[in-house]
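Naming follows writing order (A, B, C and D), and every chain is counted from residue 1.
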Amino acid sequence: MSRFLPKIPPWVSPVVIGLLVLLFAFTQDSFYRLQLGTLSGIYAVAAIGLTLLFGAAGQISLGQAGLLGIAAFGTAYLTVDRGLGPVLSGVVSIAAATVVGLLLGWSALRITGHYLALVTLAFGLCFTELGRTVLPEGWYGVPPLAIGSLDLGDPQRFFVVVWVFVVLTLVASSLLVRSRFGRSIAALRDDPVAASACGVNLARTKVAVFGIASALAGVSGWLFAMYQGSVTETSFSFTLSFNLLIMVVIGGLGSPTGAVAGAVFLVLAPELGRSYEQYRLLSYGLILILVLALLPGGLASIGRLIAKPLRRRRAGVEETA
Amino acid sequence: MTTEAVLAGRGITRRFGGVTAVSDVDVDVVAGEVTLVLGPNGAGKSTLVNCLTGVDRPDDGRVLLAGEDVTGRRPDQFNRMGVVRTFQHTRPFAGLSVAENVMVGAHGRTRAGFVRGTLRTRAARREEAALQAQADDLLAQVGLEGRGDARPTDLPLADERRLELARCLAAQPRVLLLDEPAAGLGEAEADALAALVRRLCAEFDLGVLLIEHHLELALGMADQVVVLDFGKVIARGTPAQIRADEAVRKAYVGVEEGT
Amino acid sequence: MSRRFTAVLAAAAMTVVLAACGDDSDSGNGSASGGTDPIKIGAILGISGRFAFVGEPQKQALELAQQRINADGGIAGRQVEFVVYDDEVDETKSVPLANRLISEDKVVAIIGPSITVPALAIQPIVERAKIPNMTLTSKAIWEGKDGSYVFHTTPREEVEVKSVLSFIKDELKVTKVGVIYDRQPYGTGNLAFIKQFAPDFGLQVVSEEGIENNDTNADAQVQRVRAAGAETVVVWVGDPAASSVVKAINQAGWTVPVLGSSAIAGPRFAELAGPAAEGVYSNSTYDTKAPPANQKTFLDEFTAKFNGPPTQFAAFAYDSAYVLKGAIEAAGGKTDGESIRKGIIDMPAYEGVVATYDFADDNHNGIPNGPLFYIVQVKGGKFEVVYDTRK
Amino acid sequence: MSVDYPQVLATGLTYGVIFALVALGYHLIYVSSGMLNFALGEQLAVAGLVVLSLMSAGVPFVLALIVAVLAAAAFGAGYERFALRPALRMGLVGPLIASVGVAIVIGQARVLIWGPNPRPFAPFTGAPNESVGFLGGRWPIQSFWIIGLAAVSAAALLLFLRYTWYGRAWRATAQSPVGARLSGIDPSVVSMSAVSVASALVTIAGVAIAPIVLAGGFYALDFGVRAFAAAIIGGFTSTTGVLLGGLFIGLLDAWLVAALSAAWSDVVLYAVLALALLVRPRGFLGREGVSRA
């Protein structure tokens, strides 16, 4: 996963993205484009979590949307019904999503691959059906984000807040990927038997990675509740779980920055086909198939495709010896 | 048994369905010495190693580490207790660089969790630096100098075996179990590897348990020998005694006299 | 060159494209200017997805309205253009679409969304942007809040419920009612009204069974409602679930009067349910026998253009279009949000397809609270008026 | 809440047999190539519409059914070759995601070509909606066609697996891919034919169930996931296990709807699926070791 992390220090890409965000935020007058930017940022946070879980640790999850849903429902319930502040309700809901994620991780210890994918899918569907059965109306009127008296609900400010979360998550995950823990989850993915022989406690590592991914999904769900204002299970269906997985795959497995690129791409792809409104989803399905067939490494691998000839020339004799 | 065994197997037995792969085997690994477990293919050598390193659980019998009963512990617990192993078919981490593979080897004895690792606390940074230095040093020791950034899958088999050795040494182990390290290597490469193991064994005062069926090479390296056939011990002693032993020759029917 | 740098490039490229992609549509028509370019009115309808039977006829009704209004000289001399988007009855889509209409397409007003949850989700947006919203859900929570920009031509839910209950009491003369309702707000909301008003009509709700709008099998629900001793079955869900229910009743060989909501009062119900539809009641604001003038032209033109009679929902969209036309004309052709809002309230009473609308500051529905529906019944595969609740 | 068991049997078997056929499709694809394919649900939903279009073009029903099944088989082979297999380079998750892409394309194409609304489909024989008393429950006439057609298709497939070259090739690849390859079986042919046959199977199922659930309705996900549950509970690797799994899920679903309510039946069903996976990942009849993780 951290296949030969490039020589560029880890903080470069988050800073570049941060500047782009500020540039974009204050040149946009249209709510709509701001909203799209905000939505892609919200999904990016969950996508980074999923790329650590799936790209780095090799644990497939098709139920991430359920975790987003838990945090969003929690936030809506605590703010609308209980009148708690957006920040406090966020902390509680994210904790709830994390706990559920840990339980999911713990219960999935004995199974891998397809079976893990299907258990997480079942979890996601369970959440959707429960939401539809118990709370079909969900909530509306979730108050916008405000820290103390500072109202961050205005689209421009909220856009920046969301992308601050994205950049922070990006920096943290890039550092984590390089740390001892990052290496252990890569080892877990590549060869669990050898990883265990090297002293990696497989069970604890798997559950921890599930926890991290769920916490990030929780942050994403919290932000989504405030972004959307009205929360029902339709926003957290299995389609969202698949979209997150596709963002990670298209972005390049295991690369946090790739996940961000995947999120922006997926929210944006339907926009590019805007004039053919009804062909939008059809083209989006085809785009998915093409990227999988032609670019297995995802967007991030475009670099490797270009870099390969460069590296061989630079490496000179040693490479071909 | 002259000195106290570091790792000892007492009455190790392992059955798969009707077949008894290993039955009632005693084996000792002594610090600074190479103990060889010899036997034809299917004699239960790999199963024995798996039982001694937690990859598999013996049906009965006990595994003692410096006298303490550690039967049935997980491989990562064995690693933290200083018992490491290589694999018959090398198992590199393909997604990590050669240096990173070695650094993972030290996972058992390092502590930086994901919080400290991410926040890059001073302790975590110091540990990373130490790990990096140790990796470079170990790679040099095993003859893979300067290949830290290479991809493990690009290395030839002999170098992959050396990488696995370096990865084991990163755990600063007391006991090293080698599962057919010479398999698939040419004559010269096997001899170079044997010399390396001897040197590391002396230098780090390691107890080494060697599993091999490459007779001449193994006997050359070993201080003590245990010969297995169909899971049972049929002979035990020094290499010289084993060479002369009638039962061993029968188990190795047709083995070349001494080419 | 490396993975990370490229991914950053990719993300940067995306952001730039995102910024650019909106530019092409920045046509110059400021919403306040008189100008000759067309007045753009936005619409968000549930055209595909679970409630397609609601959104599609509404889209057709707006096509008809645009054609007719422009043929009659447009609004205050300017042609009208309806910008219609499909929210697939998902508020995750209706919220961004509302913003797109407001800030990209620069519409002067928004019609829709068709279904309750997406409709409520966009109301905070239109209020903040001060864009008048003719919502098509009959559950407008902002109603009556002073200065609200949300209006609806759809009759309040209780009006339809009361017409159904009065028909059961006066014509069917039974007392035990079983209800099979859509588990989404459309069904749960009306179920609550049925239980609230049933005692006023001497009726008793003996069984409530939820069903999903797409459910293909209703045997269990029907079996339980029958076991509870229901003497009539009220079915408050759209197609295809409604046709599943009547098929289940038919298969169970149970002869009981079935009363559907206005959701099924259209050609598709009989088409899907086949012979099981025969004799099923529903309610509609169309008087197929002797429709008043406005209603007649709408029914005839719709049937001609789309070779099939309109469902109930089409009329809501059609009336909304004409209310906005009247409002803009009452505001002297001005198309800024505040003027249109005042126009809706100040405009003279407008005789629409469904009813006569007269909006006021405290009545954003514009319909007097009285009975409004005709009871219709399937005869020979078509709905016909059999009872007028208004008398 | 008295449960009308004969009716549960009627509904349960009618739907269960369809779940069994779709589960059989998943089984064939999984054992022959290790892939999970999420597109079968959408193929089921579109089957009825294809036949309707053919019939409205004057093609008699039986011929239309055969043409639809062959077209589906060709389409299945096509998307295996151009969508699933190229994605294999990313490991087994590639085809899983690619199959989602295929499902999206089929679903959207259906709405574009036939419109969003489901269409009525006449039962093979008898008047629409006609039902007859049997074993104490009301059985739509179409149920007997469904069960008959499913039994014939499953039997044909079992014979095919047992006695034809293809069948042996599939089972060989299932037991040991390397062994099969060594004995000259080209895995890409096996994988392609598996998706092709699975597509044909779900098309037959789709057309058979259309008179009851309408052609082109929004039930691709419902049927797809229940068939997955059937395949898992039956043990992905055992043909008979998967068929029994289908019937079990059909009956369980019908019973849950009758005993609890339609709302809670889905929740409980998915919970059962998750628990089955956790407790016995290889299902009740599946063989250990073919988890192809």
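Keep in mind that, in the parts below, contacts are C-beta pairs under 8 Å (C-beta built on N, C-alpha and C of every residue); 3 or more make two chains touch, one makes a residue touch a chain.
Small disclaimer: the values here were computed from a predicted structure and weren't measured.
*Asks:* Using mean Cα positions as chain centres, tell me which chain lies farthest from chain C.
*Replies:* Following the centroid criterion, the farthest chain would be B.
*Asks:* Go ahead and name the chain pair joined by the largest number of contacting C-beta pairs.
*Replies:* Per chain pair, the contact count peaks at A-C.
*Asks:* Closest chain to the overall C-alpha centroid, by per-chain C-alpha centroid: which is it?
*Replies:* Chain closest to the assembly's C-alpha mean: A.
*Asks:* Distance-wise, how many Å sit between the C-alpha centres of chain B and chain C, to the nearest whole number?
*Replies:* Whole-Å distance between the two chain centres: 74.
*Asks:* Starting from the mean Cα coordinates of chain A and chain D, work out the distance between those two points in Å.
*Replies:* The answer is 32 Å.
*Asks:* For chain B versus chain D, what separation do you get between their C-alpha means, in angstrom?
*Replies:* 50
*Asks:* Using Cα averages as centroids, what's the distance between chain A and chain C in whole Å?
*Replies:* Spacing between the chain centres: roughly 36 Å.
*Asks:* Among all residues of chain A, which ones touch two or more of the remaining chains?
*Replies:* 3, 132-133, 278
*Asks:* Could you say which residues in chain D touch two or more other chains, in rising order?
*Replies:* Touching at least two other chains: 263.
*Asks:* I need the residues of chain C touching at least two other chains; which ones are they?
*Replies:* 183, 212
*Asks:* What kind of graph do the touching chains make: line, ring, star, complete, other?
*Replies:* Looks like something else, not a line, ring, star or complete graph.
*Asks:* Which pairs of chains touch each other in this structure?
*Replies:* Applying the touch criterion to every chain pair yields A-B, A-C, A-D, C-D.
*Asks:* Can you list the residues on chain A that touch chain B in the complex?
*Replies:* Its residues touching chain B are 1-4, 172, 175-176, 179-184, 186-187, 189-191, 193-202, 208, 212, 254.
*Asks:* Quick one: which bits of chain A touch chain D in the complex? Just the residue numbers, please.
*Replies:* Result: residues 54, 60, 107-108, 110-115, 117-119, 121-123, 125-126, 129-130, 132-133, 238, 242, 245-246, 249, 253, 278-279, 281-282, 284-286, 288-289, 292-294, 296 of chain A touch chain D.
*Asks:* Report the residues of chain D in contact with chain A in the complex, numbered from low to high.
*Replies:* Those in contact with chain A are residues 30, 36, 82-83, 86-87, 89-90, 92-94, 96-98, 100-105, 107-109, 112, 221, 225, 228-229, 232, 263-264, 266-267, 270-271, 273-274, 277-278, 281, 291-293.
*Asks:* Of all residues in chain B, which touch chain A in the complex?
*Replies:* Residue positions touching the partner: 53, 55, 74-76, 78-80, 84-85, 87, 91-97, 100, 103-110, 112-114, 117-120, 124, 127-128, 131, 149, 151, 167, 171.
*Asks:* Considering the complex alone, what residue numbers of chain C touch chain D?
*Replies:* 47-50, 52-53, 56, 183, 209-212, 214-217, 219-221, 223-224, 227, 239-240, 243, 247, 250-253, 268, 271-276
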